[in-house]
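By written order: A, B, C and D. Residues from 1 in each chain.
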Amino acid sequence: MAKLRAVLIGATGLAGQQFIAGLQNHPFIELTGLAASPRSAGKSYVDALRTANGMTAWFVPEALPASVARMPVVSGDAVQAKDYDIAFSAVEADVAREIEPRLAKDIPVFSAASAFRYEADVPLIIPPVNSAHAPLVREQQRRRGWKGFIVPIPNCTTTGLAVTLAPLAERFGVKAVLMTSLQAMSGAGRSPGVIGLDILDNVVPYIPKEEGKVEVETKKILGALQAGGTAIDSHGVKVSCTCTRVAVMEGHTEAVFVSLGKKATVDEVSAALREWRGDEVARGLPSSPPNWIELLEDPFRPQPRLDRDTHGGMATTVGRVREDGVLENGFKYVLVSHNTKMGAAKGAILVAELMRAQGLLG
Amino acid sequence: MAKLRAVLIGATGLAGQQFIAGLQNHPFIELTGLAASPRSAGKSYVDALRTANGMTAWFVPEALPASVARMPVVSGDAVQAKDYDIAFSAVEADVAREIEPRLAKDIPVFSAASAFRYEADVPLIIPPVNSAHAPLVREQQRRRGWKGFIVPIPNCTTTGLAVTLAPLAERFGVKAVLMTSLQAMSGAGRSPGVIGLDILDNVVPYIPKEEGKVEVETKKILGALQAGGTAIDSHGVKVSCTCTRVAVMEGHTEAVFVSLGKKATVDEVSAALREWRGDEVARGLPSSPPNWIELLEDPFRPQPRLDRDTHGGMATTVGRVREDGVLENGFKYVLVSHNTKMGAAKGAILVAELMRAQGLLG
Amino acid sequence: MAKLRAVLIGATGLAGQQFIAGLQNHPFIELTGLAASPRSAGKSYVDALRTANGMTAWFVPEALPASVARMPVVSGDAVQAKDYDIAFSAVEADVAREIEPRLAKDIPVFSAASAFRYEADVPLIIPPVNSAHAPLVREQQRRRGWKGFIVPIPNCTTTGLAVTLAPLAERFGVKAVLMTSLQAMSGAGRSPGVIGLDILDNVVPYIPKEEGKVEVETKKILGALQAGGTAIDSHGVKVSCTCTRVAVMEGHTEAVFVSLGKKATVDEVSAALREWRGDEVARGLPSSPPNWIELLEDPFRPQPRLDRDTHGGMATTVGRVREDGVLENGFKYVLVSHNTKMGAAKGAILVAELMRAQGLLG
Amino acid sequence: MAKLRAVLIGATGLAGQQFIAGLQNHPFIELTGLAASPRSAGKSYVDALRTANGMTAWFVPEALPASVARMPVVSGDAVQAKDYDIAFSAVEADVAREIEPRLAKDIPVFSAASAFRYEADVPLIIPPVNSAHAPLVREQQRRRGWKGFIVPIPNCTTTGLAVTLAPLAERFGVKAVLMTSLQAMSGAGRSPGVIGLDILDNVVPYIPKEEGKVEVETKKILGALQAGGTAIDSHGVKVSCTCTRVAVMEGHTEAVFVSLGKKATVDEVSAALREWRGDEVARGLPSSPPNWIELLEDPFRPQPRLDRDTHGGMATTVGRVREDGVLENGFKYVLVSHNTKMGAAKGAILVAELMRAQGLLG
């Protein structure tokens, strides 16, 4: 079977590099086009990464594949949808608003950008949690007259929270969540991202717009596709966050307080997290981990440096499940989620895999 | 007027060094005795700090005062209460249980150790918050037949929380608090404290016993001395915490969610924090800051590295006051409190100053 | 006596902020003008620092003086030399090349930029080391037809090295130096400076152009003003460096290997460093430390975090003086120098103080 | 063919854990015995790692193999040489002095401890560099009347230096080396190792005894086994070091200045490093990397975080090869070597593999 031909827009940035790493040796997706800003157009990919100082600005830990290094880079404007089966987008929100709809007229676009996350006909998918939302793209196509569609992934801070709330919502219901995040620097990218002088020996207690994103996205992801498939009813859970930045490379840590819909014990909550397998259709995809949630017994875990790479960065690790004593049916726990794997490029690739399995790519 | 002669037990450890720095040039307390483990006894203080490698193990940023460097160190067991007016204690809890009661038979003991914090006749004092609890020492003296007493200070993580809850409790009432701390390494001391390999590029989501301490102590501090002065009625506020360790030298950051006793606006909550002056008797003491709480408007503040030293580390800085949207009359904010100044030695010195002003030392 | 009226160009950047902090309460220099890029022109200084996110971008540890906060900012192009007695420059090299000569036609310009450091009629002054070079400005004025002049300070990495070589050169002669620096992040500024993702858990072994600067500047600073005062003969010392960046906020550490001109013992080398008082005219200036070099006996010192602020960041701390065993008359030692105090703004202010004492400002 | 049965002494410490990780799935060595202090004796390995706090003290990034987790731990004193073919030792020097000779009476002992490194009949082997020294163990056996022998590996800081000097010594001769190291925290282990409070935002310019080790070991490793095979003539290269500690997890960075025995160009020096294949017998061993040295063209490399894991941590990465301009035929470069892979356990396993290939184990 021929592989799906994929174009990556925003290929030179940190998020784009993560897509390249995530698509390396993919069983049915082949990266056949790379696009970036006009400044990079006409260069080979490795030349586009080279800075004035002679440095090759390749920042992900995986090696730059030699075949990608040689590929030509075109300007985003020059990408022709007819040359590809799907597109991945790693551009900033403002660029996404221009280029993603143009491509979506013809092909599916899987995007790490926030530009379309909050539109009514756009699903926000974490495959094990809400694969049932995917058919909303049919409504999106109908309304917009597109043959393709746009499916963004959630904010990286939302992902770990939603993954851990899903089994609790299923088994007990969730009524309210209060969460404090301790977020890694990689989430801020590199332009300029987090400056070393600002974060060493420090905590920065504010990440602009982040808290609002988490609050809205969590409700949408835990919501239900209406009968008829034309809109999503947000979940009624109340969500409140404080998002902070800490001196960690990768891996967001979140301290969660949750009020459940009914009485439960610590053992029951732990079991719900440990036993959760997520939506059937999301199991066994190429990028799916063997387990979406790994519950750790060691009270000092999860820790971002030790646990972020669990199952290739696609699992959410959870620990310290305890009764809360304040909220009604309250529990608290700590999670670590890899913000640039499950929370970014590999998460978007996983969505593409899911929708292919659901027969929604055609 | 003659200065109060003070002995410091546990003088060589990090907490002890902070007492030495805090008492330097004190207007009415003079450090006239230093005690440490038998290993140090008989040496001058500076010799007791010298390690096998030739290093002088003095760890606080302030210079070691030359006069203290020359002072002889005695074994804790050899300290005679009759030679001093008051004692400061910077020993571990198990040592405190032995030595503090022996000294308290004759003189007041102000302690950073947790050993006696939870006993019914022992007040836990933050001067601007609950100076009214101080007379409980009379009951302590009566029950135990002591001429002196023991007054411990709270856990360093409790302090910033209680300071910020006090004005809210006064003006609106507080019903529930959920707090996540991002604690500095200095709180763990140096034996061995936090190992570099464990904390660089990392968060450790568990500090043994810390959460329980904060939950119990906050209620006691916000509570009321019973009529008759023989016990404290704990405050009814429900408290739930997750305490984590981050790669910060000094200064605990806390993300607080609080449910108030009545409706309020962000402006009213901000005003309550900004305008709070604390108990009258605690103002203008030698170690009192001009303001107990500094409210910062910059949304990126407070940050531990930038704000921990506000007013010599004796102020709690607060920012990001927002509505919470989940809790009843819910608000959220972030605070930074200097864990080894207001939260440790200087906090204990402040209590001594308070109780002298209250006439309770005699 | 009226204070010297000073204008600061490049006032909003990190280097400019250090000048503001260093000039606060200066006995005979008053900051009466602030200039920055056209983007800031017309705003008050505090408004010019405010970012789109609502943050006040003031980055030095000292508080922003209220009087400076209210001062208006003009565009660099609009600064009129006639309104000032002297200028301080904290702009980038390319901007310096435009604006500094324009001002130097009329007034002395003390600059942290590298633009003019290597010109034959421009002295590069570290006051205790080579105050004798200062009269070269008369030649500069003659050649260029200026009433003012430009005096840049050396690169921050050169400064600590040159300060420690000076006493060795005086007493023993120095023939060769091999130095490896471990440089702080603040030296790179904030635009974007060192990115957190690049430096956490890491060392970056290259700082563009730095090594060449240190090699050339050291020879010039240790050189001699020719009879007639029209040029500097560079010192014959050979210098070779490797400059690296480490995860340190402030304070450059340098591991130095030096070949002396004649035999010496460790005690003699230590004494030369300890006893050095530098040029007589540089002692007792407002920004002079009581001692230019502090020799530390503790083998674990100097450390940047513990020692950078010695004497207000104006002293160079030295330790680990040992025989080298490889170079002829070889010795090795470690130094720490505060790169943004002695090595930047306060170093430039010190030069202004020196030249006033030398009667060269008029 | 039956695998070699190996016992590991010092199994619970960080160095021991690195041996366990390095021996996982080894083609011809099987870990069949684990020894530690009497405190651990009688427990399963995983139980021996469990702390009072409930934490499993397993610190290497690789997962603890389930089969090892279940293995019983015995006291080091109880290990019987007759039960094993070889031993690996990860104990401290003082324990090594007791236990290693006892085992060496009967079986080969490969040790990470420094106890026997400097004895005349003990080779110090880096397989690609000086495999020719290995037969010295025959002299060791003869002199001491042992059937086995002790072969320690060098200090982790020596290893990268000696690996990079070897090709230069072969092709040009090396006369002198001046090196400054920026060492990772993992080299100090965990008892207590480097304390976070000491290293964050800091450099510690002294590591007790380290410099002397590097100076002596480098000469021994680059030396020649005398005809007759009874002793090693140290190489005449002069070596001088300054060893510092930085806030890096793993991977020592070293800035090297070297004086060659004859004229060369940067291209020739680079080629010598790039083309070096090391001793023939050391190629293709199970733990050998495809290339012992990787020369990087990017001027910002090598960096410890990016390059330490090259070829499984068994390659030394080198960059920034430049003329030095000070030393006779002087060159300078920067290297990164993985201190706990090539420089510790995996380096010792590699020596065992080498000596088996040389027929010296029987």
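We adopt the following convention: a residue touches a chain if its C-beta (ideal position, glycine included) is under 8 Å from a C-beta of that chain, and two chains touch if they have at least 3 such contacts.
If you're wondering where the values come from, they're calculated on a predicted model, not measured in any experiment.
Between subunit A and subunit C, the least number of touching-chain steps is 1. Touching subunit A and subunit D together: B, C. Here A-B and B-C are compared, and the pair linked by more C-beta contacts is A-B.
Subunit A and subunit B have CA centres that are 42 Å apart.
Subunit D has its Cα centroid 47 Å from the Cα centroid of subunit B.
Rounded to whole angstrom units, the spacing between the C-alpha centres of subunit B and subunit C is 41. Residues of subunit C in contact with two or more other chains: 53, 200-201, 208, 247, 249, 299-300, 306. Residues of subunit B touching subunit D in their complex: 53, 59, 185-186, 190-201, 208, 247, 249. For subunit C in complex with subunit B, the residues that touch the partner chain are 53-56, 61, 200-201, 298-300, 306. On subunit D, the positions that touch subunit C within their shared complex are 176-178, 180, 182, 200-206, 208, 215, 238-240, 242, 244, 246-249, 253, 255, 257, 299-306, 319-320, 324-327, 330, 332, 334.
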